[in-house]
Amino acid sequence: MRLQLSTWPEVENYLKTSRGIIMPIGSTEQHGPNGLIGTDALCAEEIAWGVGAATGALVGPTIGVGMAVHHMEFPGTVTLRPSTLVLVIRDYVTALADHGFERFLFVNGHGGNIATVRAAFNEIYAELRAERGAEAPNLRCRVISWWESESVHALSRELFGVAEGSHATPSEVSVVQYTHPNHIKEAPLDPPIAPSGPFYDARDYRRRFPDGRIGSNPGLARPEHGKRLYDAAVASLAEKYQKFVHEE
Amino acid sequence: MRLQLSTWPEVENYLKTSRGIIMPIGSTEQHGPNGLIGTDALCAEEIAWGVGAATGALVGPTIGVGMAVHHMEFPGTVTLRPSTLVLVIRDYVTALADHGFERFLFVNGHGGNIATVRAAFNEIYAELRAERGAEAPNLRCRVISWWESESVHALSRELFGVAEGSHATPSEVSVVQYTHPNHIKEAPLDPPIAPSGPFYDARDYRRRFPDGRIGSNPGLARPEHGKRLYDAAVASLAEKYQKFVHEE
Amino acid sequence: MRLQLSTWPEVENYLKTSRGIIMPIGSTEQHGPNGLIGTDALCAEEIAWGVGAATGALVGPTIGVGMAVHHMEFPGTVTLRPSTLVLVIRDYVTALADHGFERFLFVNGHGGNIATVRAAFNEIYAELRAERGAEAPNLRCRVISWWESESVHALSRELFGVAEGSHATPSEVSVVQYTHPNHIKEAPLDPPIAPSGPFYDARDYRRRFPDGRIGSNPGLARPEHGKRLYDAAVASLAEKYQKFVHEE
Amino acid sequence: MRLQLSTWPEVENYLKTSRGIIMPIGSTEQHGPNGLIGTDALCAEEIAWGVGAATGALVGPTIGVGMAVHHMEFPGTVTLRPSTLVLVIRDYVTALADHGFERFLFVNGHGGNIATVRAAFNEIYAELRAERGAEAPNLRCRVISWWESESVHALSRELFGVAEGSHATPSEVSVVQYTHPNHIKEAPLDPPIAPSGPFYDARDYRRRFPDGRIGSNPGLARPEHGKRLYDAAVASLAEKYQKFVHEE
Amino acid sequence: MRLQLSTWPEVENYLKTSRGIIMPIGSTEQHGPNGLIGTDALCAEEIAWGVGAATGALVGPTIGVGMAVHHMEFPGTVTLRPSTLVLVIRDYVTALADHGFERFLFVNGHGGNIATVRAAFNEIYAELRAERGAEAPNLRCRVISWWESESVHALSRELFGVAEGSHATPSEVSVVQYTHPNHIKEAPLDPPIAPSGPFYDARDYRRRFPDGRIGSNPGLARPEHGKRLYDAAVASLAEKYQKFVHEE
Amino acid sequence: MRLQLSTWPEVENYLKTSRGIIMPIGSTEQHGPNGLIGTDALCAEEIAWGVGAATGALVGPTIGVGMAVHHMEFPGTVTLRPSTLVLVIRDYVTALADHGFERFLFVNGHGGNIATVRAAFNEIYAELRAERGAEAPNLRCRVISWWESESVHALSRELFGVAEGSHATPSEVSVVQYTHPNHIKEAPLDPPIAPSGPFYDARDYRRRFPDGRIGSNPGLARPEHGKRLYDAAVASLAEKYQKFVHEE
């Protein structure tokens, strides 16, 4: 059940039986020569919708632009400053909490978001405590990246081995090829497996990773791999969501 | 051409011939008993994509949650505070300006956004002037709501007359019925045409407009009306975009 | 009754019979070769005081510096960033609401303020809802520009026709000539009627409108015209204020 | 020369011979049973205008609402939060600095403003350094309260002795009686000299000083005393301004 | 009793008998050729600990970096912007108020902090009033610099006369020599007594005071003088703290 | 070499041979019945000083209060909101970068800080890019918690096995017993090993972990264990710092 495709009386009904909601959050950033700029947003959104379909959970509006400061040397990247992203998450969560939602599972598509998302959760807890004291609602916010499960990890390893890398991975590119088959791109990848390592700001990132990839060979991506990864991620997250909303 | 469905080298290429971009902005808010909560976001997004297809313009990521403070008494509404929305627009525009984009046409789906969007444009101009002085990029930002053209107005009047109203209108509901035919909702509307008038905060809004509609009868919405409205809006905006990017 | 010319016991008394207040808001920005930089602030203030005299309403402190980012290429212009103006309005309104005021009519002297003022109203509603929930006071905030009435429009048209223009208008210059007869300025205006059109940031504004005027010939301004415009504006606003404070 | 009563070409001319400006800052807060709520704003503004007349200096727009958090238990008080006032001063000063002004003398009418005004000056210096580095303009900001001179102190002591007190003083009430003779108020003062002492927040203030005065007997105020105080303050500040703008 | 050296059950016990706490605040800024960069932080911290030992009061965590914008032309200076320092103090005080602390005595080591600290107190009062209204806790916040007592002043005069100056004073250097005897520095001071006068931003400061000192000869500093000053400051502040916490 | 115990000429000298600095960051929060509230700050500070001694690196001022929102149900905890901590880190780093520092190694004592610290690094990169563009300094910021090394992990396991837990651990309590032997506390711990699990806001934390510990038995802490842990942490961090500052 997607919030944007529901009416308000339907949401009112939903709240009679559940206080949980799934919140997709991705990023709009370069994903190498053949990965879509929307890769992280599309993965998070599609998988979150899949979890919603599997569990009957409501899925909130996607946060499609995240924290991508380090990708800013590549045209097309859009980023929120961390301080802005904190406010966006604060506004989404407190608006929904105002209607009675209490458990927020953020399904994340971008590793670079995690720190800011966690900071945002504590900002929310602190602000509600300041404003409402003992009357503050009992919110529970959690973030899980779609690839964070043993089954998805195993599948990535099986499919791509060391060519998985850590940015513009064949796994995420495959998922988008599966969900958006009309937008599969071809591009030369040289070297086939990109360099790896740590990085600091955007200029440093581009200097180390000139075509945007880190450690990956997204030339291995295939829609049929994407389907398997998508299915594994949805199954794993559906189970985690159920536990989360029923947790004492 | 959608930013999220492009690669960074494609965007780099695009920038060789154009500095313009289309930015869809909507809202996630109640739209009466039979209107989808995502109505404003979906209209803005779909019409912006249509304009992109018609003109070859790049279409940026949708801002799907806007300024809906006054709808907060209805479950499911999500809103950014105006101050947050200003920062979001600032971050989107300055990130894209960093890549060389200079002309930003915001295609808007929600009347309640306009004031904050305009405030944001001036915030951006002021901040760039403070930070960069004479080196600041020459940005031009404009916002046009999809219904803001004589052709769309005429069509709404022809189709719905006084039942158009001003919130949860049959026009916007029709557009979404056309773009999302699997999500057409039925609901009793009593009275058929909702009351009208001004309003202040969210409680005042609900007191005056108990089912969320203002002055409208969205029971008249039909997908085929939606197609005509969509086509008229795309044609009108495509023409305005062309003028905007070629304006001296 | 002007707040700054009252004592606190007088305000305490006033609150026993009324919850309404008039808030003048203007701008401090270039008004062409012969218009005063304070034109918008002085118009708003004087007309607000006139409305206060006509209705017995309390008139709050003038916000004399508004949103004039686009006039910054002309010496003497002072502007608040939109984000600052939002906070200023938030602080004024919440301080007065703390004393029991509930209906705020902003009498505006500058078109460029309107978007930010409206954003501010929603910021206030959102913040009070977050902080106080159901205990939040029932505030009603409205902004009306002094020229926004059929009677004032008709008079401007009658007096100045197409030479009215939209910035540094003979109407606003006339009002200030009437209220500040010792500060009437003479300056050559070439061409007599300034160019018109849209604009973006401050540099773009100056490039298009080199002496600051838009579409106007303020050489036609006369104090006696100012008196008629002032009287029409006060009468119209007095009526609107009465309706506003007695509205259900 | 008042900024609001000048045209932009006049300001452009002024800048050819001077980089200095006088900035009046007051407060809008209770001043006991017979003091006007605008006392601090009116004193600062009138005296600043006097200094402008005496020296030929330009006088900027008055900041009429200052930091009056501690007076909020008395109806009619309006306050900016300190954080807002910092931004307001930042915006005024940086806008004027953009035009070439470099020396800002704030003529202050309210002791409670001083801390925040000083914090604002350092906020400005820090922000310009961050944004512009070695290119930052060489601004010099200073704040002087109108009563801060030996001549004014001596006169207050001579006229009112221990009845001067520290809030709602006969000196400031006298100045306003002189500048605004049609707004002289009568009110019983019991006890004639109000209690004195330190205070913390607004509730604490009202508990200690139930009618708003601290240590003063403003029943001694007279317009003719106000004239002498006004003259002394203007003379002293005019001299200080001259030194300030010519200082190496 | 130092907060950082206590356990939470010890603090819980403390709160059964006292609502008072001592908050050391200093600065991390150049102190001339032979003064430690931490001088202000170390003085405030050590003296606050002494007051805690003398009175049994709890001493909170030191704010070791303060408002030192004007010292930024000297390597090693670290500063918070005033706006950040306001938030830091807000967070410290509101966190402790949440546990039941109500009286906060800030023991200050840096004159440049005072304005911002006072602004912060009012920011706190305003914010609590906005968020909690009549339910807001009755906080009392006060700041006293360690040298602000007749006994300390007299001792400084006796020991150093006119060579005390106002920055990098022999008094503060002596206190740190006493508390940190292993970190006594030698450096030529030329001229022995530094120049004096007002200053504006950091560049102006360095131009006027090239080695960082203002009006002082810290070559006169001795650990044994430091002990006397420390003892006098602790005794004076201990007495003031007792009065403060027992004040009605 | 500690910044606070250095003079500015010493820092100027240091910068001739190194651009690196170590920044200790901890927290001031409950650490169970026998752990000091300052545990995280003291560990970070002492170990950072040790690393400074081992490598000759400069050690900046300690951030002693961190992100401890979730510990707020225990008296004595002090926290910054994440948004404040971002600004604090921004101010520290940009002040030091202004002097020429380019490599910042944050030695962290509190797991709860990490997300916010990382968000802060990206806030800094984004802000410098916005303000300075291609002129922005090439900063590299990294955070490492003192326990993050194989040698420290192995030692904790060897010494405490499963009783290490994750908050108020015997390892961190031991380190503080070693560095602060006069402040070793005794308290009954029931059960000896505290419960484990995830948590959300502060109330939820206290409900699950009533005495503040998570999964640990800090009754096993000993100063001699602390010495071994301290030595291992210093050695490991010294090596990492050397690599970090010499990294290309």
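For clarity, chains are labelled A, B, C, D, E and F in written order, and residue numbers in each chain start from 1.
Here, contacts are C-beta pairs under 8 Å (C-beta built on N, C-alpha and C of every residue); 3 or more make two chains touch, one makes a residue touch a chain.
Treat the numbers as computed from the prediction; the structure is a model and nothing was measured.
Participant: Using the contact definition stated above, find the chains touching both chain B and chain F.
Facilitator: The shared contacts of chain B and chain F, listed by label, come to A, D.
Participant: Given the touch definition stated above, what is the smallest step count connecting chain C to chain E?
Facilitator: The fewest steps needed to get from chain C to chain E is 1.
Participant: Quick one: chain D and chain E, Cα centre-to-centre, how many Å?
Facilitator: About 29 Å, centre to centre.
Participant: How many Å are there between the centre of chain A and the centre of chain D, using C-alpha atoms for each centre?
Facilitator: Each chain's C-alpha centroid was found; their separation is 53 Å.
Participant: Distance from the CA centroid of chain A to that of chain B, rounded to the nearest Å?
Facilitator: 24
Participant: Would you pick out the residues of chain F that each touch at least 2 other chains?
Facilitator: Residues 72, 79, 81, 83, 98, 129, 131.
Participant: Draw the chains as points, connect those that touch, then say whether the picture is a line, ring, star, complete or other.
Facilitator: Its topology fits none of the listed shapes; call it other.
Participant: Can you identify all of the chain pairs that touch?
Facilitator: A-B, A-C, A-E, A-F, B-C, B-D, B-F, C-D, C-E, D-E, D-F, E-F
Participant: Going by the contact rule at the top, pick out the chain D residues touching chain E in the complex.
Facilitator: 67, 69-70, 72, 79, 81-83, 86, 112, 114-120, 122-123, 125-129, 136, 138-141, 200-204
Participant: Once bound in the complex, which stretches of chain F touch chain B?
Facilitator: Touching chain B: residues 129-131, 133 of chain F.
Participant: Show me the residue ranges of chain D that touch chain C in the complex, using the header's touch definition.
Facilitator: Chain D residues touching chain C: 2-12, 15, 28, 30-38, 41-42, 60-62, 64-65, 72, 74-81, 83-84, 87-88, 90-92, 95-96, 98-100, 180, 183, 185, 187, 212.
Participant: Quick check: in the complex, which residue numbers of chain F touch chain D?
Facilitator: The contact residues of chain F facing chain D are 94, 98, 131-132, 135.
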